[in-house]
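One chain, chain A, links the two complexes that follow: it is found with chain B in the first and with chain C in the second.
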Partner chain A sequence: MNTRIKFSILLIGVGIIMAFLPFNTARSFQLKPDELLSKTVSDDIYFSVDQVARFINNEDTTFQLIDVRSAEQFKVCNIPGSINIPFNDFSNPKWEIYLNQKGLKNIYYGNGDQKASYAWTISTGLNYGNNFVMKGGLNEWYKTVMLSQFEGENITPRENALFENRFNARKTFTQINSLPDSLKTHYFNAKHLQTSKLDGGCE
Partner chain B sequence: MKELKNLQYVFLFLIIIVVLVLVRSFNPNLFRQVPGTAVESAQNNSNSITLAQLESLKTQYLVINLGSGGKFDSIRIKNSINVPIENLLDKKNLTILNESKDEIILYSADVSTTAKAWVILNQLGIKKLFILAPEENSEAFIYIFQPDTTVRLENDSI
Partner chain C sequence: MGPLSILSEFPEWLNLLIALFIGIGFGFALEQAGFSSSRRLAGMFYGYDTTVLKVFFTAAIVALVGSQMLSFFGLLNLKLVYVNPYYMNATIIGGVIMGAGFIMGGYCPGTGISALSIGKIDAMIFLVGGLAGAFLFAETYPYIQEIFLGNYKGEMRIDEWMGVSTGVFTFILIVAAVFLFWLAELAEKKFSRPEITSEI
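Coming up: the complex of A and B.
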């Protein structure tokens, strides 16, 4: 029997096996259940609102804030620099380009922890790297960053740094969320311009 | 017969492929659902059940307390069993979950723990899986943002 016939039979056999395989374009989780569970129980997956406030003040470009609330809620207010991927549309493949970026930390937040934790588990299960949750969500952000005030007579350097961090993040949050939608994208450009002037740099 | 003997390597190769496919298909240590099923089930909190709804349930249900150690829940539900999240995928616990014909309700003091456990079990194909909703809706925004109407984009105001 010549090689051509053998090869043909091999191809037909593989074709028959493939025809009976369940075909699904959507990917299931890549991690094994035990691996995902061990990541789930770790406390290293959380960032506090103060840490996120520091990232914003420092204009840290190594993280990406992902707001999983609805588009309507996102329009009312959101943490500056965040992108909106509503949880109800989270499995849409069009978001993969944002969720699966090497070297970028994804920090999920909702109003509380529930939806952000769903999103964290799905993206970690799909083996997208560097996923985190902002603990407490936007409610905690508002309580800690937007509303906290120092009460007392003496302030330690540590407390001073903490409140300065919150104050700056609060200012950015209020300013950017008070702008009309069309101007929000220009906000950071204007801020960069001002910073470069203060630093004595060129435009 | 001689011709079939000539094809033995071809058949051997095909058999290996079939075995690999079967091993993959029936491996219990792999996720088989697609993430869309979890998103769909969790939309609008349709996977949540309140304590009042639970008490009025006429069907049988199995309540699983995911609390452990210092984080052990203060809530006590009658007839609940304690499965610390670390042990959720132990063979014994998975058997209970897979064989349960009743509604399965997960709860813990930390809503994020419950949410993560729910997604894992949902993706493993566990049916009739719910979360015991916290008393207060944790996903409602409880503050009102007040825009500052004096904000301008001019550099001097920033």
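Coming up: the complex of A and C.
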């Protein structure tokens, strides 16, 4: 058989395979259910609000706080330094650049644990690395950090350190959230990454 | 997981270094495919040599099939791959100007540089012309900006515009390529000229 005919048959064969391949699998779950389940039951996926408060006080740049509540709720108040990826819009590919990266720990939080856990399950299932949940969400943050106060006559050094950590985080939280709306918008926009753009022609 | 330039945290110099090596590979492949010969390139317009069509169509199919296979195996996220925005006016006008330059000069920009690298004098003149055109474009940009940016269609993809899946579009393109390869071979027979590549 003529080489050209063989080559043509090969090409069309590849084309037929391509036509039937399901695409966009890059966004389908890549972990097997049992692998995902074993990760879910582990306590290692949680950070306590005190740990998160410490990250904020230390201006730790190795983590990224992700607020999964709605944009309106996020505007009213949020933990300083967090970005907003509403859970309803979580599957939008535009967020992938924030979610799928190796350098930072993604810590999800909502009002409680539910939506943050959903977000954790989706991003872990998609095989994005470094996903965590802030245990208890903003409700726990409010109870532990915002309402923390010094009680009793004696305080141990450990209790003192804990109280100071909460107190400083509370101060930052109040300062950022009391900014006027226009400044807040500037601040949030500055935190948004720009997708790298490549330019160029064919040859 | 790709694209590396977006998802990896390579420093800028490393990205540029990778681009340099890819560029060297591309230039080498162009030269090896005979694209540093303006007669061969111009042959596309006269029908006696359709290597340009075959090489570029094959490259497009390899890239298309390859990127989709990588995506299928989860190694490349096609949603993050940059799609050139489509400015309809600029594409049509620029296409006509580039086509005219191509047939008059015998090169397109990439092949011109490839030919320059092996010391072709016509390629040097061609590139001076190209740079003069680029200079003229930059200087007159404020006057032509409105036409240039007109009919903006965004990041348009043919498969989405046709309403078919990426895989089906790949199949259609492969069938079109096979048909065009066959047509090109017919044209080569019909418009054949004496072998001149040894003189070039």
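Descriptive notes on the structure:
In the analysis below, the second predicted complex is superposed on the first by the 177 of 203 C-alpha atoms of A that agree within 3 Å, B and C clash if a C-alpha of one lies under 4 Å from a C-alpha of the other, contacts with A are read in each partner's own complex, and residues count from 1 in each chain.
Assume contacts are C-beta pairs under 8 Å (C-beta built on N, C-alpha and C of every residue); 3 or more make two chains touch, one makes a residue touch a chain.
Values in this document were obtained by computation on a predicted structure and should not be read as measured data.
Of the two partner chains placed around the shared chain by superposition, neither chain B nor chain C is touched by A:160. By the touch criterion defined above, A:58 lies against neither chain B nor chain C after alignment on the C-alpha atoms of chain A. Annotation for chain A, partner touching more residues between chain B and chain C: B. Once the two complexes are overlaid on the shared chain, A:138 sits against chain B while remaining clear of chain C. Look at A:33: by the touch rule set out above, it reaches chain B but stays clear of chain C. Applying the stated contact rule after C-alpha superposition, one finds that A:19 touches chain C and leaves chain B untouched. Of the two partner chains placed by the overlay, only chain C lies in contact with A:4; chain B stays clear of it. Residue contacts after overlaying the shared chain place A:122 against chain B, while chain C stays out of touching range. Shared contact residues of chain A, touching chain B in one structure and chain C in the other: 14, 21, 24, 26-27, 197. Those residues of chain A whose C-beta lies close enough to touch chain B in the complex are 1, 6, 9-10, 13-14, 17, 21, 24, 26-29, 31-34, 36-37, 40-41, 69, 73, 76-77, 87-91, 110-118, 120-122, 125-126, 133, 137-139, 142-143, 146-147, 174-175, 177-179, 183, 186-187, 190-191, 193-194, 197. Residues 3, 6-7, 9-10, 13-14, 17-18, 21, 29-36, 38-40, 42-44, 85-86, 88-89, 110-113, 115-120, 123-124, 138-143, 145, 147-149, 151, 153-155, 158 of chain B are the ones that touch chain A when the two sit in their complex. Here chain A touches chain C in the complex through residues 4, 8, 11-12, 14-16, 18-27, 30, 93, 96-97, 100-103, 127, 195-199, 201-203, going by the rule given at the top.
Contact residues on chain C toward chain A in their complex (touch as defined above): 1, 5-7, 9, 26, 30, 56, 61, 65, 68, 71-72, 74, 76-80, 82, 84, 108-111, 165-168, 170-171, 173-175, 177-178, 181-182, 185.
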